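The structures considered in this document are given below.
One chain, chain A, appears in both complexes that follow, with chain B as partner in the first and chain C in the second.
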Partner chain A sequence: MNVYKNKKPAWVFLIPAFLFMAVFLYYPFLQNIVNSFMKIRNLGGGVKGVNNPFYKNYAELLTDPNMRVALKNTVIMIFVTLFGEVGLAVILAMLVDNVKRGTKFFRIVYFFPIVISATALGVLFNLIFQYDGGMLSQMVGEKTNWKELYPLTVMMTPVVWQYVGFYFIILVTGLNNIPEELYESAAIDGATRWQKVRYISWPLLHNVVCTCAVLAVTGALKVFDLPWVMFPNGAPLGKTWLTGTYMYYKTMQAPDIDYSSAIAFFIVILGVILSKVVNKIFKERDY
Partner chain B sequence: MIMSDAFSLPLGKLFTTANYTDAFSKMNILNAYKNSIIISGCVAAVVILLAGMASFALVRYSFKGSKLLYNIVIAAMMFPVFSTIIPVFRMEFGWGIAGSGKTWMSLLSVILPQIAGNMAFAIVVLTGYIRSLPIDLEEAAFMEGCNAYQIFFKVIMPLTKPSFAAVGIFSFLWSYNDLFTQQFFLRNKDEWAITRLLLEISSKEGTNYGLMAAVVTLVVVPLLIVYVCLQKYIVKGMTAGAVKG
Partner chain C sequence: MNKDKKIRSLKWKFAKIMLLCWVLPFLVIIGLVGSYMLITQRENQMERLAAQAGLNTRTCAERLNGAIADSRQATYDGTLFEQYRQYRRQGSSGERIFSNGVQNYLNAQYSHKKNNIFTVLMLKEDPLNKHYTSYNFGTGGSYGMIQHFFSQDRDQVLELAKSLDTAVGFLKTDNGFYIVRNMMDRSFTAWGILVSRVNVNYCFEPVKTAWEDFHVQLNISGNPFVEAGKVVSIEDIRAEYPEYASNMKDDMIPASPADGVQYAVPFYGYWEGLYVNKAVMEAAGAEIPTADTTWDQFLETCQVIKNAGYTPIATSLAKEPHYWFEFAIYNHDSAKTHTTVPEAVDDAAGEAWQAGLADIKDLYEKGFLSENTNTATGDEVFQSFLEGKSAFYLDGSWKMGGIKEGTDDIDNFTVTYVPGNGDRKSTDIIGGLSSGWYISTKCWEDEAKRDAAVSLVEKFISDETVSAFAGTATTALKNGAEIDESSLTNLEKDALAMPKDTTGITGAVQDLVTQDERAPIFDNMPQIVEGQTEITDALQEMLDIIEENAE
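Up next is the complex of A and B:
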């Protein structure tokens, strides 16, 4: 058939979308790399020539103590998301898969936190971890300064809590795709429930877990809203910087535009390397 | 009261709606809602339309470089917002959209990058669905004398409604919740969208627990209602949009 022989409409359909991506994604992305070698003081200000030496910002990245904290926290965040979010989601998905009724209920309930804005969650958890009169302080029975004493735990708990449901949904969908016959024949061979999980569900879920791990790692690099609401400007005492929040701080609070461009590009590189590493570790397998 | 006994129920004397009236009168929460809905509504509508058109063309027309274009889309999904936001701001500032102090211009300056940010993911999802549609219907429409544009709007669009809905809802929610972009572009009080207002309240009125709880409720409850009603599409859109940058 020759419905689509006339190719002219194709360009009308394609151009607007690709124009948007070219102007607001590709061009700025390249411009950002260029900017990281330039001298730019203000967000709206002009470019004042090339840095001297041109790699100055990247050299500064290596020595900046705040950046070191940010990097350390981001690495912690990556491990927490890997084991806290994906790990917990695997366990929850396996459990729910073994429940006969009400799986739909669990899906709806676990997924809801993702829909809420991280900003609202940040405010909510601020109330819970409040020093004076917060819910947790009341439960323990004495005023405890959670946010000062355990800043990283307080910051990462809500993030984990929010995203567990997301990986849970992906994993449950993966479990549903495993053919029922496998379990039936295993049952005939006398396999226990645990053996079914260990020798059927787990290996067949491997590739889905791999996808989740890549998503978790790249997602950890993008976390911004919630930490910024709960711990603005790296409070307390610059202990809670993440690469994302530090980049924002260097753009808005302590303007050094070319430096924050360098941080942004660094985040991209980190993301690419890490997803390659995760892919290597979890290599897709065929069963 | 909430400070000493958070687990009691607000009955009798403890019950008050003062926090809610405060939220509406002092904080101008209605205006923030309006801004949020304008921004996110525009983003969702434009993303659906343009991404739908592009995916249709990518799937149905075979031409040189269509594979390359698809790879460009995939790569565009990987850019984190951090890596594009500064040049986008400088560019829009140069155009006079961003930081101009005019409310409508500022809203537009948030809408544009958010459209681009959701475009790639939307195209990936929609090409998947359009590819699975049988081509027979389009051929029949062509025989009846429809041109390519009519085929898109009268055949493709109605057939892919569920996935369009999933993409639209995802874009809407993502834009509604995206504090980072809003913080960059919305500087004046009148321009603030709902999450931006929330951040402001939490930093200024951090000790007024009643008010904070009221505002959080006001932000979360609409989402809860929407979520319960459209749960199927939301879960689909969110998981499909997983890899979005």
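Up next is the complex of A and C:
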């Protein structure tokens, strides 16, 4: 029976996938770190030596006002996704869980925005917030430059709206996994609906919420498509930069490849640290 | 023992499964995909090359066949034989008539054929003294070349002719390539020998340049030609052909950015102009700017429009600042100096750029630009122009189609000059005449080709040809493009009239800097007009990037 305890063959099974990851993920990642110390102006362009001093880009990250705005907005985005997306998804999931009829209908309705492409959503919300003739401007009865007046709100609303459904589905699945007997016993003991949520649903959903929180935080660091469609180049006046959009800008629009490599590496570091912090805060528990 | 064997064989089975099901397929797939990609890439390249080479070979064969057919014609149509018969009948008294007749025939048949350099008819009875010639000046033929033939190659030709009978023969000597044919009477007896020297450059050039053509297609661009000295300047051509491109406005013939010399005769291009919504102008009681409107008058007009409750200028500084950027700077330099990228913030070009950007800031501060210019998309502001909420919209000649599609009343729109300031007249426009006809140095230095090349380009740049291709686009024609105006809309008529009065044209200076170099200005335009970014800082940042790129 020793043959089943021998784990060596498993390593061989893992090699092809590992090779694939090594070639297409880890090698570019390491190369990206190296690039962040080099002088590279254009994508695919030649390396013009090492930066002087070699940590120039990392020093610039600290002084770049756009990077400061991007970081500030990203932190705001993290809180908005945590409370807006995951929080709202928890409430919606709890409510839907308590509905006896139409559960499927709500699942489809809330999940639907996820299947729409971010570009289409960007165009849709651009029309909603349009200055002249936009839906909101028509509702308030005068031309209002929503994008200039409330840039962050306008940028984050569609992001939250789109991803609530994603966390909602995860949480509903988590709720469905809670055994019905627990609720029945609580009902026999005379628990109210709120007490069932507070003492059964919430604690047993804790680990799922924790996973959602990690996904939300790392997702907020990478969010790019929708904000870019609605607010390209950090418009208006560089108020809406996010780490993701700024990195893209520095790679594609105003190429400074070594600097954008440094931003990319910084995002990864930030992602690792923040997911650790979130894991610490929402420590997984065994019940 | 048995148990160990079983375990080992199981291990081998595992290893085999892993190898066969995982590693091997993985490596095979990677290998197949990689080699497929490489092969397809090469195949595509080879296919294109083969197609090009095939086409060139066919062209070559057709040209050579043409030369042979021309040679055959002299025998088939019987004209020469008839004249020869009369000459034989009349004796020496008919020699002059015969000589003139043959000469006329040879000139008419061969002196204009591109495949022919010269043709000689020698009489069999006395080939050394009785011969008649014709040469094609256009392909480099000359009397000297014929004399050279008689002294160097004639004997070889006569020798070949003896063995030919009714067939056609080919002879390649150090001097050239000849088609030789015996002229036969009705009893198939040779009475003369017709020799044509083939224009090898014309007939075989497609094959010779098959590879070269393939390469040029990939790298076609004016400046590398200029830098490599591969093209002749218009000035050099005019030294020998004073009338060359005389139907073009010299001021509008663009100079090469490489050395400031004019090489290409422009074909047609584009212009940028100020589109106007006439209804807005009428409602605001404002005058449409003309060729004489100054910048200050334009600002006054904008104020009138603004006071009437309309947006004077529909523009998105967030997405499309480049049109106004270009004209704002142009208003502080001239058609001759516009395409100069600053080398320092405070040099002449730098000062012009600063002043131009300050003008855009001024327009913004006066409230003449779209209210949401810092957040709007290009489409948003264009729509406001079409819907009669804005008066002016600056764009290129290509935007006429967009206006036509976006409105039911095309006659409500016109296009005019962007009012000028300082040295720039309003009629000095931004335009692109970047496509044009070059004559290569190789062709120019080959006297056999020079005349033909000049004639060809003159045909291409004639008023008629340029008009047929250009439509309402910019041309450098002195008389403007000739178009059937009855089929045009009023906007197109206005557009057509505009380039006729143009006094100067220049390319866009922004095209001389790369996207990353101009980003500090273009991407920061909202910050610049808001005063959050100093104009000099943005300019300096651009210069730093240019310097870094040049390292």
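To be clear about the criterion, the second predicted complex is superposed on the first by the 267 of 287 C-alpha atoms of A that agree within 3 Å, B and C clash if a C-alpha of one lies under 4 Å from a C-alpha of the other, contacts with A are read in each partner's own complex, and residues count from 1 in each chain.
As a convention for this text, contacts are C-beta pairs under 8 Å (C-beta built on N, C-alpha and C of every residue); 3 or more make two chains touch, one makes a residue touch a chain.
The shown structure was predicted, so the numbers you read here are calculated from the model rather than taken from an experiment.
Enquirer: Would you check which partner chain A:Lys72 touches, where first means chain B only, second means chain C only, and both and neither mean what they say?
Expert: The answer is neither, since A:Lys72 touches no partner chain.
Enquirer: So, A:Phe13: does it touch chain B (first), chain C (second), both, or neither?
Expert: It touches chain B and chain C both.
Enquirer: Between chain B (first) and chain C (second), which, if any, makes contact with A:Asp132: first, second, both or neither?
Expert: It touches chain B and chain C both.
Enquirer: Under the stated touch criterion, which partner chain does A:Lys276 make contact with: chain B (first), chain C (second), both, or neither?
Expert: neither
Enquirer: Go through the superposed model and pick first if A:Ile108 touches only chain B, second if only chain C, both, or neither.
Expert: The first partner, chain B, only.
Enquirer: Contacts for A:Pro232 in the overlay, against chain B (first) and chain C (second): which applies, first, second, both or neither?
Expert: both
Enquirer: More residues of chain A are touched by which partner: chain B or chain C?
Expert: B
Enquirer: First (chain B), second (chain C), both or neither: which does A:Ala264 touch?
Expert: In the superposition, A:Ala264 touches chain B alone.
Enquirer: Please work out whether A:Arg193 is in contact with chain B alone, chain C alone, both, or neither, and reply first, second, both or neither.
Expert: Neither chain B nor chain C is touched by A:Arg193.
Enquirer: Taking the two structures together, which residues of chain A meet both chain B and chain C?
Expert: Dual-contact residues (chain A): 3, 6, 9, 12-13, 16, 20, 126, 130, 132, 232.
Enquirer: Would you tell me which residues of chain A are touching chain B in their complex?
Expert: Its residues touching chain B are 1, 3-4, 6-7, 9-14, 16-18, 20-21, 23-29, 31-32, 35, 43-44, 107-108, 111-112, 114-120, 122-124, 126-127, 130, 132-133, 135, 138, 166, 169-170, 173, 215, 218, 221-222, 224-225, 228-229, 232, 244, 247-248, 251-252, 257, 260-261, 263-265, 267-268, 271-272.
Enquirer: Which chain A residues qualify as touching chain C in the complex?
Expert: Listed in rising order, the residues of chain A that touch chain C are 2-3, 6, 9, 12-13, 15-16, 19-20, 41-42, 48, 126, 130-132, 143, 145, 147-148, 231-233, 235-238, 249, 253-256.
Enquirer: Enumerate the contact residues on chain C facing chain A in the complex.
Expert: Listed in rising order, the residues are 7, 10-11, 14-15, 18, 22-23, 26, 318-319, 371-372, 374-377, 380, 384, 389, 515-516, 519-520, 523, 526-527, 530, 532, 545, 548-549, 551.
Enquirer: Touching residues of chain B toward chain A in the complex: what are they?
Expert: Going by the criterion above, the answer is residues 2-7, 50-51, 53-54, 56-58, 60-63, 69, 72-73, 76, 78-91, 93, 99, 112-113, 115-117, 119-120, 123, 135, 138-139, 142, 147-149, 151-152, 173, 176-180, 183-184, 194-195, 198-199, 201-203, 206, 209, 212-213, 215-216, 219-220, 223-224, 226-228, 231, 234-235, 238-239, 242-243, 245.
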